[in-house]
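In the two assemblies presented below, chain A is common to both, partnered first by chain B and then by chain C.
Up next, the complex of A and B:
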């Protein structure tokens, strides 16, 4: 599941102790992270170009990049890469935990970076929403940079579209291609070769189709788009290579569909899964042939309103509501579709959900929104084929507090949940008033739920939790604050005595002290 | 078999004519009259409906469901993209699309026979283009017409194109009755071509060609009051003005009149509601001859070779069989046959001219007849379950597809039969065995019908936009297979020859076409071909 990125911008006093100056400086810290890189949690402060990292069993380390205009930071499996502007624009890659730095010069100052899953390719774009002062008056927003971080090379690519600027970049799973998403265009670039396909999404009547979701198939020879202005799945077939690269656009329709809600990769690269809104609050789930072969279309209709579709590993399809999608208020509907035999089943959760499901092999976890009024905090859903029917098994769990964040540990099929609980009598250390507006009457608890047995283990921590995650054989809980306060808990021993607290990770090397266990 | 479509009839039914459907023709109404003068010539106003004075029944509007707009040649599909001013050339095998830019607002295209090319009229661009396709290249040659036209026909030999404004549409600059003739051979050579503009009367319903020894020699423009005969070889003569043949008053009415012709004969046959007989325009003699009948014909059909015509005489429940050219000179060549057991309102000849289906939308019995044109015997098929709307005989003459009409006010006592009456639908009738198979289509009336090999395909356009579909009929097994369509079907057609595939264009802002392989039961849809024309591929 994607990790939330914490970007904190706050004014604080940073004493320039390390620089040897006496006066206090006021700077705005732009903090990105933490993210997991090479079994370390990594924070980046773009203001000071400082990268800091810590593992569950190491001291905090940090390094400061010699750049004064860091625009963006992206995290790969073993590196963090900063996008720097100024007089010498560059992509600066820092190895974690070694701290070695590689610099790849860029042709221009870019604002945002997108990194492929392996960390090899970086695409840099201009984005006015993220731009700060620039040394040049005019910028060609239709220009991007493709950086091969392994070979330390970068090339400029002119998009030449009618759109004003890119908005997003999506990589194919095999990292052979990237889709540059613009206001009313999509440009697909070959990453290792030089092919490019420019696709204007402007209808003959002048209307523009703004891309809202972009998904490559597994073979990277189809790109599927959900766009404004049409209820169809827009399918772009990518053909040829190099100078013969081309694309053929098609619109995949489902009769009776009013609106396309979500796309997902299907069990076969020649297909795509899609959820559509149908009249009277119903949902159509469809498996559509990418090449427009309508005779291959399979659809099922569900009585409830789903907004998301996802393929589970057991070739069943999960449909559910989600609060982050238009047309849904985080509704409680869930449905299942067995692709083998077109079996369908549907049910309702105990209440609205907080966000997308954490999806496992045949199980999905839903975390419920606190405002739903339900006592249920978590529901484990299993889709199982039973003879001639599909069963949707719901197992609700009640936790003693409001869920703040959750993550799925695929290695051991467990869900990690950060919960707000009352500090009093919780076992947490009593604290004076907390900074940053956090109430001092609550603290955080880290709960771990086994997907199969629903056995729960939990540990009370000394501060509220904003982010939880898995780091190797440890779990981590990030506490409020911009300087990086985190608690590590061994997965094998969910108890306070085994936990390790690290505070002020970003202050490491900046102030005359390092973070340490408390 | 219908050789020429009659624009006014289709307009009256809200059905687009062969290739001018991009510009809808206004629909005349025949059901809100107050007095006789409100009706077209030859009709009377009775209870607010214009009816025939012969039998007091409404007009028999013929529906030809095999209407096409994109053009299927041997190798390609040609389709218009009016919004992007392009002609799309689509490979029917892999659906690869190539686009050719043409002058603004292309509205009609017509195949140039025996070639992989089409003639295209651009309305806003006031021009005519010829677009050709080979596997390796596309070509376009355009010529300015000086005026906006909405339709184009091409002579059977591919040498001439005539652009005109079909009846019902406003002519450019109010200049009524002008047509533009373009020498396509000169255009293909790259010559500096100037169209010949010809004054041809008023309100054009048809343009025909006379072909002699494989070459088109005359173009005939049928207008409301007269026919203009253009000698194509004389177009280059300075001051050349074609001659006209005036119609008598009984023929000078476009609504309810029908004109048919064959490339293989020099005759144009006309019938009209107020004209008791068939008028024959002899293009060689340039004269109009009348073949009198006891009543006006309500339908007229002509064999492909032009040797035989059949007229339906509904008021007397007869059909008139005309052998041509003998019928022009000898009454013995005109045979009037009584038709028993069915009402003879409409005629549908089979492809080989041996039999004709006879029926009427106003027959009180659910039935149609099959007339053997040799011995004049009639076989009645009366095991239909629903009211008739149209009967179409398959090209091989073995099967009839009967499109039915829903009867929402059915009073059938049996609730199941009443529900069947209230549904739309069609029947497949084996004309040898008489076996009938009904297919109900609920509240959706069939929109078009097209034959391909031993199959037929029916498109269904759902007014609620939920269940558009195409249904294919195996004419041997009488079994129907349904394919859902993503949006409303527009036009349907078959590929040339024995290809079993059909195409269906559908409503979509970016353009949509589906190719249905009937035998493989595979439907592939291509949408957004208008956008594909703008995709750029290559190197970074």
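Up next, the complex of A and C:
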């Protein structure tokens, strides 16, 4: 007869076998997305190298890339590209929705990738902030890779600067050039040839300027810089092309400017738009000639304090006080500048802005605190040129909840807003009680506002919203959750009955993973 | 009890009957023999393992076992199991139409197994498998109280796969059905624990079985292609229509072992 102790040992072994939790498999889920690619929403889980995508009317599809150590994912119009490290560093491009994979080997493991608008060129850089565990003892941050994903070729480019950390990459609109922004240098590289221009941002006294904003003009023959330490616009004129590329530096100054706040592409490639802080809380808006010809400089002064400048499609310039991101707050100032007749108009929103403006053709939407600060408002701002004046028309709407995200639908000139509202009596499906009696007290609602008429359509969804956007003829709302939960609503029918929900997108193909959890 | 086990039996089989000759261990002429023990006032014992078998007749039994199935690496099982094996508990009833110690018997029972795995920092996967199993077993005595047997098993397996966020409220899950068939070879230790008086002898009619077996199972795939959040579907207002997720397939075929105990009467 087995002794009791034998039975106890057996039970212990069996119990241990049932709980197969191994701490080595507890990597954080690193999800990038969702982003819109080829009319699909695409998620990338860098931990498992899995790409999953779904359209408004399709089932979820996914594929696992046979690569370890995915460090970055970037999204193009038709593809998503993963930057993989490990023993065989590569840029791995996945076609959406076909799932075909192209692999372009790289010379070393890079940490971040930047993709041109067309999806053809990828620039890979080292960035210690994004590095995961690296087998490399030392890396040369001044080495980048330029990948032509269409021809599946890559070349290594040595930047040879005094900077130690690349920060950003900006592509020109025609995709002939890219600017590599380092901590105290900017390097312009030709994407299709070997041309390279190094711009050390060092003053004669040895002080270094840190680039904060980089803008190409439309023709890619000028690069404009906003840097720390100077209120001037730094303009780099790029001459020649290929291996003969060279550059000429100009400092574009505006009298009375205390600080350069923002740059924007002008309507004419020979100019750049800039907003400056002036004394006593005023703002100077300027259109500066790229070649430094001060006789071409045009400026207007506004009484309020703006932080951003943008050119609308009707050739009016919008100045506003929006912050860079949702969650921070800006100021309530808004102003307009008509470039043709130098007409200026300014106004103030009812409260400080709560995120960046959603800018359309002639209309911009601002989410801001309502008067009194107890609610959130959405204001549509229209800049219209009238006979002898520029009009700034503000049309506010008070929203019945906290705004989580918003996006502009340029196809139909509507703004899509995701708000959190109280679940009770909202029309959302009830949820089972949470453990410990915590209430499920909020849900999300999607509101669609027409830019012209301010007509509002809304639909209450079954969970809070973190991201909203437009996907072809549908709107989408992403819900909180690690695995990708999303609701699609047809733009033509903003109602619950027409909506479709998909939960756990990143669990698609979970069991088909070749290596199990990693 | 231990002295009985040392009774030496030599078993031979001819034309469907079992005859047994026996030699007592030297210097222990009065040692009792398997399944038969001397009544207190009886003459010298008779070695009658064959009689025991012939007289035993039909028997019922109950069993409980632990088993483990080791699916192949490419089965998808690794996603939900860090161990690589599905440990199960089995319980059921058996019926031996002719003898509790040899020949053919039949079993029916349930088996349940559970595997959990933290698949990521914030996510757990859980696979629960419940099976309805039927078996046919053929036993042969080998030596003393030891026997060997072969088992053929068929099963209807119900799998429940659930993935949950550690801090989330709900899990995403699906239930799938698969079928399995398995063959195994095992060894058994039979211990008589109950006797009835038969003339001058007591004959065993209650047995404890301790057994161990190894084998291989073939199984169809669990197809977890309708994963969705585990929420009530009849809420008011109704939930927005939900599309399901295809998490893929999982097969449990592979080597297996079982060990357990049975009581036959």
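Worth pointing out:
Here is the rule we use: the second predicted complex is superposed on the first by the 464 of 518 C-alpha atoms of A that agree within 3 Å, B and C clash if a C-alpha of one lies under 4 Å from a C-alpha of the other, contacts with A are read in each partner's own complex, and residues count from 1 in each chain.
What we mean here is this: a residue touches a chain if its C-beta (ideal position, glycine included) is under 8 Å from a C-beta of that chain, and two chains touch if they have at least 3 such contacts.
Just so it is clear, the structure is predicted and the values come from calculations on it, not from any experiment.
In the superposed model, A:29 lies in contact with chain C only, and not with chain B.
By the document's definition of touching, of the two partners only chain C reaches A:429; chain B does not. In the superposition on chain A, contact of A:487 is made with chain C only, not with chain B. Listing the residues of chain B that touch chain A in their complex gives 81-84, 95-97, 466-469, 483-487, 508-512, 514, 521-528, 530-532, 534-540. Across the complex, chain B is touched by residues 155, 157-158, 160, 189-190, 194-205, 207, 230, 232, 234, 239-240, 242-256, 279, 291-295, 297 of chain A. Listing the residues of chain C that touch chain A in their complex gives 1, 66, 68, 74, 76, 78-83, 85, 87, 89, 113-123, 125, 161, 163, 165, 168-169, 172, 191, 208, 210, 224, 227-229, 231-232, 235-250.
The touching residues of chain A, counted against chain C in their complex, run 1-2, 10, 14, 17-23, 25-29, 47-48, 59-60, 427-432, 434-435, 440, 461-462, 481-483, 487, 496, 499-505, 507-517.
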